[in-house]
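The block underneath contains the structure these notes are about, expressed in structure tokens.
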Amino acid sequence: MRTVAMIIQGRTFVVTGGSSGLGEATVRAIVERGGKVIVFDINEDRGEAIASELATSVFWPGTTDVAGEESVLNSIEKGMAKFGKISGVVNCGGIGMAQKIVFRNGEPQSLDIFEEVIRVNLIGTFNVCRLIAAHIIANIKADAEKDEDPGIIINVASIAYTEGQAGQTAYSASKGGVAGMTLPMARDLAGQVRVCTIAPGFFGTPMGEAVKDSNLQKHVVHPHRMGKPSEFAHLACAIIENPMMNGEIVRIDGAVRLGKL
Amino acid sequence: MRTVAMIIQGRTFVVTGGSSGLGEATVRAIVERGGKVIVFDINEDRGEAIASELATSVFWPGTTDVAGEESVLNSIEKGMAKFGKISGVVNCGGIGMAQKIVFRNGEPQSLDIFEEVIRVNLIGTFNVCRLIAAHIIANIKADAEKDEDPGIIINVASIAYTEGQAGQTAYSASKGGVAGMTLPMARDLAGQVRVCTIAPGFFGTPMGEAVKDSNLQKHVVHPHRMGKPSEFAHLACAIIENPMMNGEIVRIDGAVRLGKL
Amino acid sequence: MRTVAMIIQGRTFVVTGGSSGLGEATVRAIVERGGKVIVFDINEDRGEAIASELATSVFWPGTTDVAGEESVLNSIEKGMAKFGKISGVVNCGGIGMAQKIVFRNGEPQSLDIFEEVIRVNLIGTFNVCRLIAAHIIANIKADAEKDEDPGIIINVASIAYTEGQAGQTAYSASKGGVAGMTLPMARDLAGQVRVCTIAPGFFGTPMGEAVKDSNLQKHVVHPHRMGKPSEFAHLACAIIENPMMNGEIVRIDGAVRLGKL
Amino acid sequence: MRTVAMIIQGRTFVVTGGSSGLGEATVRAIVERGGKVIVFDINEDRGEAIASELATSVFWPGTTDVAGEESVLNSIEKGMAKFGKISGVVNCGGIGMAQKIVFRNGEPQSLDIFEEVIRVNLIGTFNVCRLIAAHIIANIKADAEKDEDPGIIINVASIAYTEGQAGQTAYSASKGGVAGMTLPMARDLAGQVRVCTIAPGFFGTPMGEAVKDSNLQKHVVHPHRMGKPSEFAHLACAIIENPMMNGEIVRIDGAVRLGKL
């Protein structure tokens, strides 16, 4: 008998960014373990395709912008109508960005780009967290039986949260923000929802293509390759299942650390 | 002979948030060491008062909103007209905030509050950094003589960047963002501007009053009191003066670590 | 199909400290997943009892002192004779200690105690790592078929590695040492053996009793109790199974952070 | 008036490793600020030379092995006879070491080397800390007037404490240990002695020569060179002077982070 308290089997999770990359792999991993998934993404084609491939277990509520209040509330409602109560979320939705803070020609980076990265990666993550957390707490109040481990939030930062490369000021700011809110959010939601953050290194996803182009994977120590999205998803599921994992920021990166490039 | 490369004496620095608290103390410390200061703040009364008290060394360019592009560009221009070229900035401008991510009554925190804290503390800090950095780089190009250490940015996070308390999700997100951009910004600006971040514990300032009210200073290990703004300023000056301090996040907190309260 | 590369099923692992607490739970978790275990411990009674309970899967090679060269070499040899090649080690063997660096009466802590904690927790961990790593590397050279993920080392630090309480100077020094060697060891063993470190909070084991006595578990945020050894073991197995987990230090602590007590 | 509480002027500090490199620079910086120094080192020639060069301010008590109880007690006594009470220590004494944990030929690193690095860098540092701390506490009890900031310990780790390179398992273990004991030691000594740790990057000292040989300084981001020992000493003095700096680990490294080499 494996003594794990949050069993994925039979539970429903939201996966943002579930149309692609790490999110898609997380959708598949949850389904393999008998769970159900509602995908929040702006990529409709891929989202619908996955939902129709895994029809009994995956639901596409229509396009969801993680940073939009209405958009997320709407999709939560539709998802509940489909699968009933939601037990957690893995926040994989996000965008990348590389641009120096001051260009060669002396011009500063524009404020727009910085604001957009912050809007999606940081405000979007927070927005989904607060709305899903409120939903889980409402479930707890409604439930007759008390569950020790009723909810889980997994946010996705990046190793750039602490060792961003040149060009990553905006991205690192957004991911540092995600990392920074891990502990206070876990404290706010004590007794209700666990909160962990995964900080991936280089993974083979559409976003990871930029990495591949610059041959960054040669820096990964061992295994000497980019991570597979399924490996990210394996960790995400291990955290979901483990009730003692709370307030932690976990790196998964094959021991890569990036020096001056 | 003390071998330090960035001499404060005779140089000009911007201090955001210089009208109050840690910023005001930094203004005074720079002036004590023979430097000049341009204050960027929205508190006009205090800003003007300090500038008139220390008239030959401190300049008040009028109200400056750190998050505004025009506002900051304007004040840089006026400051240069007054003191000539600027060598760096200490970004003390910021706001506090404490609110649970989901309230007792089950309502989620509103998005507005989160966005406002991010706007001032994170976007505002980035905005000033990019504009001051561009200014310093323009100076470097204009200067005939090459200086090994032409510019410095010191940003201000908080120990909440890594150990935020309950109620600090927004604040910790903003400060995690500031911490996260330290290294990529230092990498982007290599050869031009150093970038460090100070993460203070509890300091006796107007913002620190909230701390005092909840008697949090009793957690400070030694000295068993809140920090004095002059102690923060002492560290800021030590970082300005030391050319090898770059890319670092430095805590100053009297060994406080906050557990469950 | 779950895409994980290091399958526990059919592999043999050493678990030091396997006679008790976190180690014993790790032994049981590996066996549940179809693996075999050689227990290295100085607690003979408990070690033999576990080995006879789980006779086909667990081997007791006689008393092993993790800090002894001969002792460990001997037990590796006996273990290999029993189960064939070894794929990894989880280093749970260790001792606790609480004593102020200077006593109330003004006397300094004796050097002996510090040295003993370092000997078992740090030198012992290193000793087992180097000898098991050499063993795994010998296997790699002998094997015809190349395995992408031939070996794994999991060391056990403690959250005291970075936030030790009063009285924990020796213990924190030993655990800081374990944490510090994670990355260089992973780099040395690239292509051969992965190396991760787990930093547990408070767990219900014989060593954890001291914690219970001082009622420290009330500081655990959520779940609001001490960790179960099986939860530690769940994480250890998740790391063994995940080939991208390398060079990481992973906390598992229910979001506890210890302030001034 | 600069409001700093621990004035170096007129106070006496021990500097271990004061015969060379970072230690020597610290000796000189303390003397420049009007302080007195007792050098604890095993390099007699250099130690005596410095003491005779700076005769009124620097004392050489004869060879001192930081890891020896008698040796350190003896030198404390001689130092007190010379200068009176001691206010703190900067622990620069240490040794380097680079060796893979398993050699190319398959042999594991010998235990002796690991133990020697731990003995000097970790046990030696602890030994000096406990004996100096006991000495400072005895002074506090003897003094009629109460000083808010009676004592300071600065230990020296290395950035290898958290990002050790290949070959640095032993060195990183020793430095991780030093880093790990920072906070519990500060907690044990609350009200009496502050404790901080400096983690230097690459500095131009005899120990740093190995770095130079492998051209590692090209990785330093800015300034694009090895650190000057005087820059380390500038930071050490800034920490001594600042009463709010306690329990902190401070990097000084010109933004270097070491990836795979």
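Order as written gives the chain letters A, B, C and D; numbering starts at 1 within each chain.
Please note the rule applied: a residue touches a chain if its C-beta (ideal position, glycine included) is under 8 Å from a C-beta of that chain, and two chains touch if they have at least 3 such contacts.
Per UniProt, the chains are A, B, C, D = Dehydrogenase.
All values derive from a computational prediction rather than experimental measurement.
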**Complete:** Common contacts of chain A (Dehydrogenase) and chain C (Dehydrogenase), by label, are B, D
**Request:** Determine whether chain C (Dehydrogenase) and chain D (Dehydrogenase), two copies of the same sequence, contact each other through the same residue numbers or different ones, counting it as same when over half of the numbers at the interface appear on both sides.
**Result:** same
**Complete:** Max Cα-centre separation from chain B (Dehydrogenase) goes to chain C
**Asked** At what distance in angstrom does the C-alpha mean of chain D (Dehydrogenase) lie from that of chain B (Dehydrogenase)?
**Response** 30
**Request:** State, to the nearest whole Å, the distance from the C-alpha centre of chain A (Dehydrogenase) to the C-alpha centre of chain B (Dehydrogenase).
**Result:** 31
**Message:** On a C-alpha centroid basis, what's the spacing between chain A (Dehydrogenase) and chain D (Dehydrogenase), in Å?
**Reply:** 42
**Asked** What are the residue numbers in chain C (Dehydrogenase) that touch two or more other chains?
**Response** 163, 183, 187, 189-190, 192, 221, 256-257, 260
**Asked** Any idea which chain A (Dehydrogenase) residues touch chain B (Dehydrogenase) in the complex?
**Response** 69, 100-102, 106-109, 111, 114-115, 118, 122-123, 126-127, 129-131, 133-134, 137-138, 141, 160-181, 183-185, 187-190, 192, 260
**Message:** Help me check something: in the complex, which residues belonging to chain A (Dehydrogenase) touch chain C (Dehydrogenase)?
**Reply:** 1-4, 29, 32, 148-149, 183, 186-187, 189-192, 194-195, 201, 221-224, 227-228, 230-232, 234-235, 238, 241-248, 250-257
**Request:** Using the touch definition up top, name the residues of chain D (Dehydrogenase) that touch chain A (Dehydrogenase) in the complex.
**Result:** 163, 219-221, 256-260
